[in-house]
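Which chain is which? They are A, B, C, D and E, in the order written, and residues in each are numbered from 1.
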Amino acid sequence: MARIGVFVCHCGTNIAGVVDVTRVAKYAGSLPGVKVAVDYKFMCSDPGQNTIIDAIKKYGLDRLVVSACSPRMHEATFRRTAERAGINPYMVEMANIREHVAWVHSDDKELATQKAMKLMEMAVAKVRRSEALSKMFAPIEKRALVIGGGIAGIQAALDIAGAGYKVLLVEKEPSIGGRMAQLDKTFPTLDCSACILTPKMVAAAQDPNITLLTYAEVTEVCGFVGQFEVKIKKKAKSVNSKCIGCGVCTTKCPSKKALSEFDEKLAPRKAIYTPFPQAVPNVPVIDRTACTFFLTGKCKICEKVCPTGAIDYTQQDEFIKEKFGAVVVATGFDIYDHSNYGEYGYGEIKDVITGLQFERLISSTGPTAGHVTRPSDHREVKNVVFIQCVGSRDEAKKRPYCSRVCCMYTAKQAMLLKDHYPETQAYVFYIDIRSAGKNYEEFVQRAQNEYGVLYLRGRVSKIYERANKLLVKGADTLSGAQVEIEADLVVLANGFEPKKGAKEFAQLFHMSSDQYGFYNELHPKLAPVETAISGVFVAGCCQSPKDIPDTVAMASATAAKVCALFAKEKLEVEPLIAGVNQLTCSGCETCYNVCPYSAIEMKDKEVKRGEVRHVAEVLESVCKGCGACVGACYSKAVDLKGFTDRQVLDQVETATAPITDN
Amino acid sequence: MKYELQLKNIKEGFRKDVENLSQQKISNCYQCGKCSAGCPVAYAMDYPPSMIMRMIQLGMHDPVMSSNTSWYCVSCETCTTRCPREIDIAKVMDTLKIMAQAGKYKLSENEIPIFDWIFLKSIELTGKIYELGMIGAYNLLSLNPFKDVYPMGLKMILKGKIGFIPHLIYNPFEVIKNIRMFNAIRKKDRERIYEKNV
Amino acid sequence: MDKELQDLIKKLLTEKKVDYAIGYEKAYDEFSTRPAFVTSAEDTARLIFNKYCINNLGLYLTKLKKNKIALICKGCDIPTVRELVKEKQFSRENVIVIGAACDGVLDKRTGKQPEKCLNCGVKQPKGADFTVGTAKDSTTARNFNDVAEFEKKSSKEKMQFWDRQFEKCIRCYACRNVCPVCYCPDCFAQRSMPEYLNKNVDAEENKMFHMIRMQHVFGRCTDCKACDTACPVNIPLTLLTKKLAKDAKELFNYESGADMDARPPLSTYDEDDPESGIM
Amino acid sequence: MFKVAYFPGCSLSSTAKEYDVATRLVCEDLEIELVEVPEWVCCGATTAHITSELTAAVLPARSLIWAEKHNMTITSPCSACFSRLKMAQLNLEKYPGLKKEAEEILGETYSGKGEVLHLTRVMLERYGVDNIKAKLKKQLKGLKIACYYGCLMTRPAEVCENDRVEDPMLMDNLVSALGAQAVKWSYKTECCGAAFSLTKTEIVRKLSGDILKEAKASGAELIMVACPLCHSNLDARQPEISKLLKAELNIPVLYFTQVIGLALGYGYLDLMLNKHFIDPAPLLKAKGIL
Amino acid sequence: MDNKVPQLNIVGFLCNWCSYAGADMTGLGRNTYPSNIKVIRIPCTGRMDPMMIIEAFHNGADGVLVSGCHPGDCHYTEGNYYWRRRYPHLKSLLEHFGIDKRRFHASWVSASEGKKFAEVVKKVTAEVKDWRDNG
């Protein structure tokens, strides 16, 4: 006979404020097999866990039910508690009476209490059928894959490599550096972005533990924590390893049709190019969609001028498949495309530019060598209007979130403008200024007080084109005035959005993403860099918009997580896997066909004395415990440990029975 | 400061009344001011639209209802089209006018309500608009009998743009049907505004 | 036709092509037949084929996995063979399918041809290794009109209808026992750990048994009507098996036992499958 | 033959008679059959929706139901009428309570499936600019036209469907097809003052004045409109506005069907161009169109 | 819809990775829904044996909801694709046996769709209630 202990948690007032926890505990005590039932303020706290351990010893319990929060939150905690008291950790079940009861049924305490009692009773029914399971271990491939070579990826790679583990850093573009390389200065210190980034890029390139793979993309992922098998496409660079980065090819290339992605399409670039002079690795690639040779079959100038014979037009895309123990996803962001804003000209007005374009305009390495001129006619500017919250805080444009950095970068850009051209006037239209961060508020104040940037509180309604000027029609809600400004240039503070293709990329890993496409962390507070896929971590703006210091901190956090994983000898894995009762197996191969992991083997086996049958067998080290075989087996020969038919049936039976609470 | 906001002065029901009748979530407004920025008639209004939204949020019934803002709204829907919080501001303005004309709140404007009354009466009795009669009646009732008579009105008549005979629905049954319909609508409107939403 | 059949089997047995032949023989009266298992050439005289050969002999294949067998099949029994091969219950090389041309069988209970014989497109067997006799297919095609008619009822009416039917059920399991695809070594209905099904014989439990059995044979049942024929209390199981066939066709464009290469509908998927009302 | 239910609206039988005449003339030529909704009642215009939501839904619903019954797309040449028809359709769909009340009053049910389109969209999108182009007799060479769309045929975004709300191109495409030049200007959808024509005339003068000024500044010689309200504000009030602005504007304002009519070869009186306050004849003669 | 619908028993099978997490998210966001649903956690909708659903109805459940990851998002790659095939078949079969279609539902709820989960439960409860009240 089972000896079950039921422990009902108040979670402060989180649960107890809605659910009558004493009644739940009292009801538990009346259930068959339950030897003790108690409620306590915080079950997960040290004294709470000790209550459980003491009860186990005192009543000789062999199974536990903890009625508390979601098992996704604390199942592991209570399994460890059980283990400490000498009970098999898989003899623990949780009844989720916080997320599934107290927090969602706060409108009727009686019904909530009844449901809590029911869920607890279901957990008791399930745990009654639990079996002791022993832990399983899997090997770890101690090599990390970092996807994305922006500041997040670089930082994560450097930190993991620093701990002595090998890292492969994959970047889609021809050079690492990412968005940060495009910036001119950084807030709130106004130090030069390139000056602080390039040393890191070089360090990554020179680290013996880091392998750089630029112009490459991850195309396929299988496996699981400790054993990811990843297929990577190395796009044909058309330039081989003989290249010494002298740059002659780029200088001589006659093609000028393509627009520079790095310069945000403000300037042309050659068909053979490195994105920017400080590129790492300093090896150009040929853009085959722009190259005269690839388009017409004639030219080959780069081949002629190359001193080392590094040009190879025959190169093909190459696929490699490698194994990794952990993955850091740092795929970054795109800025919001304002062609959805009809009122700001559908992205067709040349002198309405994005914040990132302004960075390139004012950067001394940019297309105008730091001279801020109008893209349409290259005239100097006098009045510049900055509009915040474009593609942020805008439900109508399906971007209701705050992009977090635009207030700051707008202040920075307005200051830089005044710095370069003291005679210009900068106007900033804002809704609210969000400057939470060390020295951030002071920075915005400086822009207004020292630099004389005029801040106007209101969203701009429309930009009219009129005779070489842009008429900006806005409002200042603080004074209640309508504002019209004749501007030379309008800079939009475009918000952040997930990288194009982020959803498809998430599906490679089966990571979940939010409705916009930002990747979901495992827990918003307690597991901000983990994902639901164990062994896959997220860093930087692919998770949500954030500034450089936060990105770097997050990247280092992922590195710490990876190193903690690699520091273990072997990986403990859940023994919640499928098993076949070969006596009842009819050998129809249905399970074999549906298994997503090929974890089922068909064998001719002597199942009874003298009876050899064609039957299924589960490969324990391969099975991930999804249960697809269980759902498909009509002979009822496969079962899933931890979610057995008996357990589920008893839960169903309990769920549908009335409460017998007097 | 012009107004002193005291909690006991905030009419709780006002925001709810406007929200129920307009079916718009006014509490959604975060005061970005885009409506005021784009409004073509804001210059003539006592308060710009965004401020009206704020005052409704705070239940400031008297200044909202006594202001000319809603009456100056031309229903051009610029605000609605551009509102980042997807509030149909023009509809809220309509609602304020409906509430005022239904007599639930004090009327601050009379030109437009007079026009509206004449206009709808014209539809009720003829099914269509009878411009000359309508303009004449309006000018009389708004105590400005010679408004627009010269030169525009005269020229209109000369160009044959305004007829002297109303276009009638010739079928008398249709006329009766029309009048009945209007009576039914008025009854339902009273229920909507007075009974359900108080 | 009997002669032709006997000669063929005699030849197969003498040439040692097969160990067994499974066919029909006369039973206790002239209106009854029963399965005959013939192992020697001399014994072949027992074999007959007539309109009373209503059983689906495919049933016995799962019981004789290792032997080489000649199996006498009506056109409508052949899909069973294919289905069982697909489910790896034996290999196709081990069985020689002898198709017997059939003008339709008679249901002894009614003395009439069952509906499936009235709209039969396989009176002349298709896909057999040898064929004996000739027959003409029905002019009307197989249809699901009767099922569609039943589907029009309200769920309450359906519920009441089946409640009345399953009140009659005595849980003799004849339906399961004659079903060629009900070959599980240990049927769920008889398990005790867990007890999927209460052993009581009452309408509710009976209904549940049939529901689960129908679910288990979905996409596998060839609608051979063996269960319907075998039922001693005349529960119209055809109405269920035909529903399965209709759903398999309409939802997944699948016909059990028709195509050796088509994957059973529930053990495969297509990324573009319709969402069918999933919220 | 292309067949649509036609809701002319009150203005088209009085102040904008020339619009109705030109429209019927052009549509006949293009073989678009306009089936006038019999015994139609006023859409409620700019008045009903600020007086009673129900009135604003019931009045257009009668015509909508008729079109739906006869399985036709319903169209109106007047932006205000179109807007009321379309908004009634949208509101009846959005607010089931309103629909219930409206149906009770009308004693008929409305499915809301029928299509409601502005005449510009019927002619320029459904019928197609290319098909019109194929039937032209004349090119309107050298004419610089500012297309003015106004509020009610473009806003809110739901009624605009596949054109751009802030910078619609439908009529501009027509202008190019007619051989004329569509000027690029940013006041296409600014408000003319609409319903304030009689009540708050000073607002109309300012708003329409801004539009006229902008059109003039962008080099337009003619303004093309698709709404009798816009027309009367821009045309009939133009002399007053000129006086107010102390500048001679003198920009003729034509309906888009009149402009098509010119390219189809119709004359001054056929299209009732004489009805306009600002006579287009001198301009059209100078360009060799008349 | 009113969250208080007594005497209705709905069993919910939620996959661990998406819908169960989504239901947790509903709690985190304090969105409310009727309390009739009792949730059973399963690893994946692929594990959903149709038998369990038949058992639930047999045991007297008024309604059943099965919810999993959106197609393409399955933690185990393809479990929900199998479920997507079992669902229409089972629904149709159950209907044939007289179990009304308003009683059996399936949904896709991702880990971030807390609001959607509340909406789904409200809708399911309303449908089941409609079945019970109006036959």
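Keep in mind that, in the parts below, a contact is a pair of C-beta atoms (placed from the backbone, for glycine too) under 8 Å apart; a residue touches a chain by one contact, two chains touch by 3 or more.
Everything numeric here is computed off the predicted structure, so don't read it as measured data.
Applying the touch definition from the top, give me the chains sitting in contact with each of chain C and chain D.
Chains that touch both chain C and chain D, as defined above, are A.
Could you give the fewest steps needed to travel from chain A to chain C through chains in contact?
1
Count of steps on the shortest touching-chain route from chain A to chain B?
1
Find the chain most remote from chain E, comparing centres computed as mean CA coordinates.
Most distant chain from chain E: D.
Write down the chain pair with more C-beta contact pairs when A-D is set against C-E.
C-E
For chain C and chain E, what's the span in angstrom between their mean Cα positions?
From the centre of chain C to the centre of chain E is 35 Å.
Return the distance between the CA-based centres of chain B and chain D, expressed in whole Å.
23
Once you find the CA centre of chain D and the CA centre of chain E, what distance in Å lies between them?
About 51 Å separates the centre of chain D from that of chain E.
Just how far, in Å, is the C-alpha centre of chain E from the one of chain A?
Their C-alpha centroids are separated by 28 Å.
Residue numbers in chain C touching 2 or more other chains?
188, 196, 266-268, in rising order.
Where does chain A touch two or more other chains at once, residue-wise?
If we look for residues of chain A contacting two or more partner chains, we find 343, 462, 594, 632, 636, 645, 649.
Give the residues of chain B touching no fewer than two other chains, as numbers and ranges.
78
Touching pairs of chains, which are they?
Going through each pair of chains, those in contact are A-B, A-C, A-D, A-E, B-D, C-E.
For the complex, which residues does chain A have touching chain E?
70-73, 96, 98-108, 111-112, 114-115, 118-119, 122, 506-507, 510, 512-515, 520, 524, 532-533, 576, 594, 596-597, 624-628, 630-633, 636, 640, 643, 645, 648-649, 651-653, 655-657
State the interface residues of chain B toward chain A in the complex, per the touch definition above.
Listed in rising order, the residues of chain B that touch chain A are 30-39, 42-43, 47-48, 50-51, 78, 82-86.
Under the touch definition given earlier, write down the residues of chain C that touch chain A in their complex.
Chain C reaches chain A through residues 87-89, 183-186, 188, 191, 193-194, 196, 216-217, 263-264, 266-268.
For chain E, which residues are in contact with chain C within the complex?
So the residues of chain E touching chain C come out as 50-51, 54-55, 58, 71-72, 78, 81-82, 84-101, 105-108, 120, 123, 135.
What residues on chain B touch chain D, complex-wise?
Result: residues 21, 23, 40-41, 44, 72, 74-78, 80-81, 88, 93-94, 97-98, 101, 111-112, 115-116, 119-120, 122-123, 127-129, 131, 135, 138, 142, 147-148, 151-152, 155-156, 159-163, 167, 169, 171, 174, 178, 181-182, 184-186, 188-189, 192 of chain B touch chain D.
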